[in-house]
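Chain naming follows the written order as A, B, C and D, and within any one chain the residues start at number 1.
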């Protein structure tokens, strides 16, 4: 189960379960891993932005990596984005040592010019070690760093260790087409593209050439099925399933409060014991919880009508 | 048909139709107005961000106001946001003079502190004249100015001419609840709240207390129906109709390329003759047009199944 | 007195004089022009950021251009930066028609990638007309657009009408060296470089290869003398004069309040009748005025000791 | 030597010395501390932005705190700004345990509204512990968070542990006056204000009511003398000394390259063995080094003329 430029499928972005007082909930880490395996995902990406990674200290981060790697036989990718390369390197090396298969790196928000971005990833790969496979995260909405397809190609070309793009530009469909076009004209080597943004455009991202999804939607089983249907050429069925989820998916995909929604639903689905976040966190009002419940009810009813698929 | 704090319904955000060479398409302005009237909207907001207003010079802007006001008996609100108060005042006074009923003002992106924002709107209202009713636009995603509910209350309290909030924070449901809560506790005077963001949360925004929508979705007839169903307490039917549109609506609501999608569909629906934008504009690739066509086909089929409502 | 890639010397950035109630002070426009001519400047740049240009409406802007062009025989460059190309074109064409010799264009703050910046200036030059000479303004501190030397070279190469760089990156000395290096290796055609930032680094900018200054420091006579001394190879004398001004110059170069300082001193020097700004403007506290007075007293005393130069 | 709201004098912002290969230079840490003591500073602030703190990993940071605290009897303040509260708490608690006297906290760049800023510091103080004295860093130029005097008052009032403001807004003179005004009218409790920005306005900041400087200018002895002269009411002498340094000080105060300048001069003064920075770092070109050398020569000559003071 090695990861590489031909990796396909669904890598879930895992949240970090906490107890009400902010302590890490180690048992929920285990049950969450089991939940993801039951959902059929192909791998896990942990300690990303939606994993509340910046709220952990260095020791906690590594403990979480160890726990998850010990629990699963799926490939684990560790978010190691940090304000500096020393902290990035420390977590990356230690994670690989305990069994993680790769790391994910996002650019710091201050980067502006093409050259600044390209140089940053060169330095980052050198810092974590050229032997450490890394995922390039392209997420302008939150990180405010804008990478053109040409810049992505430069990064991939410069860094043999870059095997995957976590694509979450918005809008982003043309970017997938541009990168796949580069590959057709021979100017870009093979590269796995998994898409994010909560899955909001997964239906068309697959059709544009994505290899799957890397996002934390609380129904990873749906992501798995949509990816499979799409790969199988069952376009209408893929869209039918996707559309059934969209009213709720859109609700979970909100910035800020979205993580509260996601954890609430994962709690309802039995994946984690509590939807608590570490401070500073968002929380669901009573009204929001009722809205989510209503959306889930409608989702269930609509999916039931579609079955048997 | 005067506008005021009790205004309800759907105010469409009108695009500006251009010819392929960038000239204003005056005939399409007329046909677009007729289209909106057929769709049953309650008013129009013109020269907003999605109306490509910054691409017009001062003379063109006023000509467009005149043309639209002459064509319709619906209330017209004019976007007058400008880098300075002199230009804002010129367009506002001239628009009111030719028959517009109010103006809309967005904050300039450099504003940061609460006091800066409050002071800006005080100066803006003074500049356009205290007799000119204005809509406060709250659109952090694009404008990067963040207003808390308390800041909005301060602006409304300071400025008798402020009669409406164009609500497009994202996420924004709790903001509506907070403002309606202020009104319940007597700390905020009556205020119309119409919601934006392409309608992406209109279903729940209505339930939280919005008075309707002010957005440019290319099916304003759907917005009208959802608002009516929601007001009538037909919750499930409102959601059924909304959900049928959501797969396409999400596609139109993308930043940047969204306007190209919207104009393409308005062209297909006969509202305007061309989907051209003035430079710098976005354009649809062949792949994107096929995706839109596919979404419209599915939309039509799904709405047909729901009818008769 | 045609402007071009070999333009040298001091182009002052002119403020716009207002009366206390915000009206344009036309007589002060005349006396200000006379003041600049007495100071020995080589040209004037009007309607820039420090000229409060965004606070003027379209009609006022053109009237100011006319008045100044009629008053002086020096070359006049007009700031035409605008949110859109139609307004930019209107002011540019009209300004050239009444006798301005060129225009200055700054990039809008939303630009991020190298390609976005390059494309913007291609479109801008096309919009104002390829026959209109333009100055490229590079001012990241205020505009938050970062241009590498390579991007500047692309813009200059793409646009025959670009004859000058208004250099005000900070820090910026290495950028001048890089551009002059491009010219030495033949990859960049001749280009005038005038420097800004209130003159804070003029002493070394000249030594790095700048052709002079384009900034609004209220002692343009000092800028003129420092440029001359530097060109004449009188290094120590240039620094002596510059250093005598630096304590006050630093005070005038503050963002925001700096314009209030500048107008106050220009009023004291008889160039304009009032230091009023149009809203929203900054103002000097009593403490600040006393600080400026103290700095001017020390400046005068120190310059007197240096004379005769 | 306890720190508190009545702390006065000069707290130097210490850089972190590295060897050419990026390793921490432990011996230079010692010699640097000795240098600062010889210069007569009243305390040290370590692991700030200019201390390249984000480039260190958690273990390194604590080792540096230990080494410096062991070497000096001056009070040491530790920068603990971090993306999350867990890492902030870890470093803060450990630093106090080994003998640091307080910590410094800067706001994360994403904060916008007044309430967000106030809430952040409430949470931060709770996270590090209410018994840990902290310095509030107000540095909008780099951090892009804008705090009004009223917001600062709210933070100080909310958090008994906040004993000092590191003032480096720019411009900032009126902010000092406003805060001192709050204290006169009884609405703000005692608060030490030390100023930053490389000392660029120290002369007037002292006159406005600052208690001293907290900045890393490579001539801390000058800062010490200017503060003393200012406190002694020797206005002209304070300015004479300050002005003698200003041409070079301005050069060191440049963003980005400024740290390279500072380390180069500290190396020349024997404080540290190398001017190396950890990646990603800035470096001085040959031209820049010559400019610095020239400025230092002029500085020395001018200060010699002023002596004996």
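Structure notes:
We take it that a residue touches a chain if its C-beta (ideal position, glycine included) is under 8 Å from a C-beta of that chain, and two chains touch if they have at least 3 such contacts.
Just so it is clear, the structure is predicted and the values come from calculations on it, not from any experiment.
Centroid distances built from C-alpha atoms place D farthest away from chain B.
Should one ask which of A-D and A-C has more C-beta pairs in contact, the pair is A-D. Distance between chain A and chain D, defined via averaged C-alpha coordinates, is recorded as 39 Å.
Distance between chain C and chain D, defined via averaged C-alpha coordinates, is recorded as 33 Å. In whole angstrom, the spacing between the mean C-alpha positions of chain A and chain C is 48. Across the complex, chain D is touched by residues 112-116, 146-148, 150-151 of chain B. Chain contact summary for the complex, chain B toward chain C: residues 52, 54-60, 83-87, 89-90, 109, 119-120, 123, 127, 278-280. Residues of chain A that touch chain B in their complex: 170-171, 173-174, 177, 200-201, 203-204, 207-208, 239, 242-243, 246-247, 250-251, 254-258, 285, 287-288, 291, 298.
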